[in-house]
Amino acid sequence: MTQAGLYTLAASALAGIGVYGLLARRHLLRRILAVNLLGNAVFLLLVAFARRQPGYVDPVPHAMVLTGIVVAVSATAFALALARRYYAETGLDHLPEDEG
Amino acid sequence: MAELGALSLPLAFFLPLLTALAAFLLGARQAPWLAGIGALATVAAVADAVRRVAAHGPQAYHLGGWAPPLGVELYADGLAALMLAMTAAVALAVTAYAGAYLHGQGQAAERFWPLWLVQWAALNGTFLSADLFNLYVMLELVTLTAVPLVAMAGDRASLGAAMRYLLLALIASLAYLLGVALLYGGTGTLHLREVGELAGAGGPTAVAAALVTAGLLLKAAIFPLHAWLAPAHSSAPAPASAALSALVAQAGVYLVLRLWLWAFPALLSPVVGWGLGGLGAASVLYGSLQALRQSRLKPVIAYSTVAQLGYPLLLLPLAAVPAAASQAWQGAAYFIVAHGLAKAGAFLAAGNVYYSLGHDRLAGLRGLAPELSASVLALGLAWVSLMGLPPTAGFLAKWQLLSGALAGGQWPWAVVVVLGGLLAAGYGFRVLATAHAAAPPGGPVGRPARRLPWRMAATPLLLALAVYLLGVSAVPALRLLGQGAPEALG
Amino acid sequence: MGLAFDLLLAGGLLGLALQVVASRGLFRSVVLFIALGLLMALAWARLAAPDLALAEAAIGAGLTGALLLSAYRALQPAEEAADPGPAALPRWGALAAAVLSGALVAALGWAALGLEAPAASAGREALARLGESGVKSPLTGVLLGFRAIDTLAEVVVLLVAFLGARVVAEPLQRAGPGPSAPGSGEPVLTAPLLRLVVPMGVIVAGYLLWSGGHQPGGAFQAGAVLAALGVLLRLTGRLQPAAATSPAERLALVGGIVLFSAIGLAGAGTASAVLAYPEAWAYPLILAIETGLAVAIALPLTLLFSGSAGLRWRER
Amino acid sequence: MMAAAYGLLPLAALLIAVATAAIVFALGDARRRQRTFWNLFGAGAKLVLVLVMAYGVLQGDTFEVAWPVLPGITLRLAADRLALLFAVLSAGLWLVTTVYAIAYLEGSGQRARFFGFFSLCVAATFGIALAGNPFTFLCFYELLTLATYPLVVHRGHPAALAAGRTYLIHTLGGGAALLAGTAALYAAVGEHPYTPGGMPAVAEWAAQAPAAATAVLGLLLGGVAVKAALFPLQGWLPAAMVAPAPVSALLHAVAVVKAGAFGVVRIVEDVYGHALAAELHVTPVLSALAAVTVVYGSVRALAQVDLKRRLAFSTVSQVSFITLGVAVGGQLALVGGLAHLIHQGLMKVTLFFCAGNYAETLGEHRIDALDGAGRRMPATSAAFTVAALGMMGAPPLAGFISKWYLGIGALGQGQGWVVGVLVASTLLNAAYFLPILRRLWLLSATRDWPARAGRAETHRGLLYPPLLTAAAVLLAGLLAAAPLSPLGWAVRIVEQGYPGL
Amino acid sequence: MSVPAPLLLLPVLAPLAAAALLAGRARPLGAALLVAAPLTGVLALGAEALGLPWLLLGTRLELDALGRALLAPTVPVATAALLAAVAGGGRADPRRAGLLAALAAVMAAFMGVLLAADLASLYLAYSAMTLAAYPLVVHARTPEAFRAGRVYLTMALLAEAAVLAAVLLIAAEAGNVALAEAPAAVAGHEQRRLLVGLILLGFAVKAGVVPLHAWLALAHPVAPVPGSALLSALLVKAALVAWWRLLPLGEAALPTLGAALAAAGLLSSLYASLVGVTQRRPKTVLAYSTVSQMGLMAALTGLALLRPAAAPAAGAALAVFAVHHGLAKGALFLGCGLHGRRRGWYLLLPALALAGAPVTSGALAKVGLKQVGADVAGAALGPLLLAVSALTTLLLARFLALAWRGEGGRDPLPQRLAVLALVALGLVLPWGVGWRLMPSGVAYALQPSALLDALLPVLAGAAAAAGALALQGRVAMPRVPEGDWIKPALLAGMRLRRAARRAGRRLRRSPALSAPR
């Protein structure tokens, strides 16, 4: 097993954990955490891909990850602001079940 | 190397973006006229792009002069041009409408303008970009502009809707990105058409396609991933609702079609086609049935969006049937255009109702028609297109889809199309009948408290009339659509 | 040896992630998430991505962590048990979620491992044509040269997140980490330390900015450092939240993007295309853009943390 | 230049109605005089244009406007004789009904909306008349549904809304069937203009896929049968009676049911051709349904105590004669059916005008409240009498002419049973119309009628339209053998268009 | 004498114009025109055929032989009836205008029937007449009148249905055929038997063939006098006109149907006389007399149908019979409208004529009937006719007994003059027509043997009448309701309906069906 392969697998597992967190936990903060976990998984996957071939680091996935990190932090910051306001308005730290 | 001639492609992204920045810089007071100028400039750029595509075929623009796969390509074929044009029309209307709608609401206005203009830029970017990762960034941009618009009312319902929307949209984006990562890992390129050529139909590609599609279907609110849409779209202020339903959600559908027809055509087996088409059909039926059950105007319209977004997916099972492909393709594309214009008109008209009465409960709309005749007329006119009745663009689109389905011998889709139209008529007339009803004794509940500015009255009407203009003949638009269409669909 | 370390690292990542998801205490989850970010940075460093490691440590772990902690505090009910909290997922639900996640892991792992690295790729081409981009660092070349549009859009995302946060903004008293009243309660060492750290940080940021052209570093990292400084100043009350965005702040917020766009659009005339740079001017222009971007990254992040429309120096 | 404009007359006539609608909508409720002017101007101008076209067609000119709507699909307005038969009816009765409606709705609310949709409705009818291919027909057919709905619910009370719902469920369902049928037809054979005697392509297709062709024909006919109020799809028609009288007149006499009946003519004669339709065993079913409808409508009409409802069921019955004439086959029966298209329109519009007059002037809707109304409103009652007798098929009125041709046409086709239907219809019509006439003329009033406002028995705008149409009923029958009578026109259509029948 | 053809329209249009004038403000002028209108019928005698191809389905107007003959009673009876109506009492009657209009319409329609020379026009005129007669029947507006009207209209319309079917059957074969060619068309029709059956049935109601006569007995008593006169003297003859124009008389032999008609006619005659005797109202008695006489005329038609060779003679006999009956019945009905105490004297002569007393027109009519009867059916018919004549006499005796004394009061001169004129013309005109159409019959009728023949049944009848008079008060006359079978039938129908409703209600109440709605 190569290093890249190892991290590829780790990324897959991380994604699974993130998705499980999204599905199984309902607290808003936990969900935001889970989204971030998922994001980290994607980034890890990309970084691993960049390192697959020996002696060569692909800069394109790196650029994607860097961009992705900024997007992720932006989204997280906004999501947290929204969650705080939602909590302030409703006193709820999770979304009600009834959808639609 | 880039052709200078097609500068209108990047301009379609940059002009609204810069306008947004200027609007933010100069504050709410200057924003409306700035937005107006920016909108006009953008429309001019879009018009130029459309003209070029119509005259010379698909236009490509390599940003920075870097050809793919190295650089990002902006690519305008007929479909993209059509979407750009539709977006321009809707955006122009939204801009004009919002100026009046937000007049006097300092804070809301200050926040609305930059968000909205960036959204427009991002939408144009979404339609133009031929780069999978760039599309991700654009989609995030769209999402992050859309959610604050939903939350703008700041009440419990809108905040909850926004929260749910945001979480799901983020998951969708990440699913998409995960798929894109796999695709890059397999092909070494992010360029849409190159991916199409290199990806093949192997298992990893299928997983990637599934992830990408799942993300986009979530953004497009396709059944069963639809639940977020109605609360979100009905909570937003009217101009934002219009943009969300007519443009943002449709961008997801657009990308589904774009990706399946350009990037994963090899994967589009009958089973996959029928599966996606089945989801579309389920959306049509489920959304319509839900719309029938709503007790407020904007949720009705929002659920109608869920239903209408399902139609274009019916193309996917038909795309592989030679007898059906061309017509279904035209129908699906024209459907997006028709739905965009009509839905924007409907939401803006609903906004007028809300603006005047301060509520949009159907039960409280009895006897409303005389008071808001232009708006109700606009609502009615727009709805005719949503029902797919002549002489509207919606009808022509539905006709093409129907003809395609019948010509391809896949009559279940025809049944869905017809049934969907009937259901749309059902929920549409439920609203219109209420508005036409005589006022209850003692006058309508909640007489108009506010006079409607003429711009707000006129905008939805103009949008609705545009649908009729496109209903007179679809030939020019479809000729445009033919530019750069995949061979199987030409 | 290396692989063993990687194995350990990956195991640690997954263990932390599991804890983040499964832990009972929310605070614990948040802290563990920050730790996860740091481990991730380590992993990326192992994967020959020092730039990313830097960025992840500063942004992914640091800033995100600060935001999360601040939000965690805000989401605590004033009185215990005022909120029943989310109902636990039923057993079958958890099972279904686990199955779904498992399926995803399986499919993803299988697909990702099954992918053959293509012989030709955008990355290889980028390396081959790095010289034309005007910078020496491949990452910067891609970010500001070949795929400049992504970078531009991403900064816009940040601005938009700020604008969006303004839409849902809470009153100043409750915003961000809350109003801090420095002075009485402040540890003795705070003020001198800050006096040392702030100029250092600025210098580091400047260095990172400059170095981005040829080695790890760049606008993102510089912006992250600046943002961290902002967070620090906000936490210690040197910077106070303000209800309005001042014109200077507005200019700073959009300046980088405007500059980037302006240079990019000018490229249509001065160079071959939009977002192309005239060959001779490529490096200085990129540096100018990076400077603008660093500010355009730092300020929104700080403001987002602060939860306010603007920031003012504390009146002395 | 002139010649080009001349050729564009169909479009001009269509646009006049649309423009009238737009102007009326734009004028709003308050500007009564201007609205009246534009209404009358639009109606008059359109009638003139239609008459010019009719004259031109007699001279052998052709009018055709077509433009591509979708690839391979055109919107085609073509003025052939059959088209003008219907167009003249709609344009003429539009003018009359407009005059009536202006007087009828004086003082009620929402007139801008009413007249706007009224004009749209006529535009749609005109489009149906001049549609040159099934697609165009479909477009205007659906448009008609939309334009009539606001008229049906015009009053806005719950009963009106319920009626509107019934109306929509029926007509939109029919529209959906027509849509599916038309699309399937196009998918199978592509686009062809209406061809008297049937499209050759359809014949070829039917030879290869008879089952599909039959199914499509069924869909098409099912779609138009709703508006034609063919049993068992007639339910909307009596329900729609809650609408104001001019609307009922329009729905029953001019626009909606006629659109359906006209559609039957087009589909059977010009799309499939009667021979093919008969070969596919559709016409026998159609004629049987029509016959059932004739009897059913009449029987139901017997039991109604509300005048308009009785008239509505009478419409159900009478309109099916058109379908019957088409389905039976043969030139003479078709002549009868086509002539009845006009005749029934004239008669029914008169009846509804009169019913409206009773309601408006005397405030009476119920038949048993009309005792002695003939003395108070002799002119209205005379018009009613003429039209009612015409419905019965009493000579020399218009209805007799229709029945004559239907009867001899059916006998000529060896379908003697149709005569039985005609006879039964005559008897039933007598059974539900004559009691009304008896009440009007022979019984004495049970209460004091509202006094006359002026010298005339009611508003002149309400009085003259029914008198005019009643005179037309009389003349259409009396002068049936004259060359330009409705019958004469129908004979011309059939002799020149369908020599093969 | 040559009259411009368009004047053929005058007899139809003049009454309508008069009615229009009466409805408007020129009432006196209208009344004058109305009375004069029937006289325009004389013009038709000299006119050529008129073709109006643009009218209706191509109209032709022409007076054929039968029509020509029937003008003889039509003009005087109509003039007299209208004169009586115009001059008669009840100027204050609010419904007078309606009555005059209805009379005018019936008048016009009947003229139309006489003049029509094409199928559609005949049908038009005939059905118009049917409808126009209804207001006459219900003129009194009493429940009785309305019942009569309902019965009349129902029967007439049912008959009309058969007529319509027949007309369409003919038209399907021959188009809107000229009536001169209609018999040939019917004879050659592929469904001849059905067609002839429909024609017979369709017009039999108007002709009052038993059992389709019920409406007559109900309608005549309730109708105003001028109306009854028109109905009985003229209207019923329209059926004969139609028969003779449409049936293939002389073209084809239809033994079964012919015999059936002849038998029905004779039975009608007998039956109506017998029932009529039991009646208590003079006009009802007269109505039954009409049924009886029309039965004879129907029998003549049946005979002609039975044997084509006899058709010309039968036609002539029928014409004479119709002229005779029309004038006599017209005089009798109008006479009933007189109030004078001595009105019996006005009635005597026409009554005798109807009874067939020697030298009267009735004798001449019966000669014609007998001759045709003997020709077709041999001697078997003789005794039957004898019985018929006797019964007729008895019936008229009954009538005279009931009607002899008016209730008193002065009658306007025009009314009296009208009756007298009819009486006088009744003495002359039938002979004139007979002279033209069946000179041999006229000659025979005036032979002594024939006179004796005629006298015999009259005397028999008179004797019976005297006997009955003698028995009066001692033997109860059986009471037969007016319209004989119709009243029980209506009652039975009502009972049936009530029972059905009750059964239905019970059914609905039964638990099995009372599922919650």
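Brief remarks on what is shown
Letters are used for the chains, namely A, B, C, D and E, taken in the order the chains are written, and counting of residues starts over at 1 for each.
Rule of thumb we're sticking to: a contact is a pair of C-beta atoms (placed from the backbone, for glycine too) under 8 Å apart; a residue touches a chain by one contact, two chains touch by 3 or more.
What you see is a predicted model, and the numbers here were worked out from it, not measured in a lab.
Taking subunit B out of the picture, touching joins the other chains into A, C | D, E.
Hopping across touching chains, the smallest step count from subunit A to subunit D is 2.
For the pair subunit A and subunit E, there is no chain touching both partners. Central chain (C-alpha centroid nearest the global protein C-alpha centroid): D. Chain centres here are C-alpha means, and the one lying farthest from subunit D is C. The chain with its Cα centroid farthest from the Cα centroid of subunit B is E.
The largest tally of C-beta contacts between two chains is found for A-C. Subunit C and subunit E have CA centres that are 113 Å apart. Averaging C-alpha coordinates per chain places the centre of subunit B 41 Å away from that of subunit D. Per-chain Cα centroids separate subunit C from subunit D by 72 Å.
If you average the Cα atoms of subunit B and of subunit E, the two centres end up 83 Å apart.
Within subunit B, residues 133, 137, 140, 144, 147-148, 151, 154, 159, 162, 178, 182, 184-185, 190 each touch two or more of the remaining chains.
Residue positions of subunit E touching 2 or more other chains: none. Remark: the chains found to touch one another pair up as A-B, A-C, B-C, B-D, D-E. In the complex of the two chains, the subunit D residues touching subunit B come out as 25, 28-29, 67-71, 73, 75, 109-110, 112-113, 135, 138-140, 142-143, 145-146, 149-150, 153-158, 160-161, 164-165, 168, 172-173, 175-176, 179-180, 183-184, 186-187.
Those residues of subunit D lying in contact with subunit E across their complex are 378, 389, 393-396, 400-401, 403-404, 407-412, 416, 419-420, 422-424, 426-427, 430, 434, 438, 441-444, 477-483.
On the subunit C side of its complex with subunit A, the touching residues are 2-3, 6-7, 10, 13-14, 17-18, 20-21, 26, 29-30, 33, 36-37, 40, 43-44, 46-49, 51-52, 55-56, 59-60, 63-64, 67-68, 70-72, 74-75, 77, 82-83, 85-87, 89, 93-94, 96-98, 100-102, 104-105, 108-109, 112-113, 115, 117, 121-124, 126-127, 138-139, 141-143, 147, 150-151, 154-155, 157-158, 160-161, 164-165, 168-170, 174, 220, 297, 300-301, 304-305, 307. The residues of subunit B lying in touch with subunit D in their complex are 330, 367, 369-370, 373, 377, 384, 389-391, 395-396, 399-400, 402-403, 406-407, 414, 418-419, 421-422, 425, 429, 432-433, 436-439, 472-475, 478. Those residues of subunit E that touch subunit D in the complex are listed here as 23, 53-59, 98, 120, 123-124, 127-128, 131, 135, 138, 141, 149, 153, 157-158, 160-162, 164-165, 168-169, 171-173, 175.
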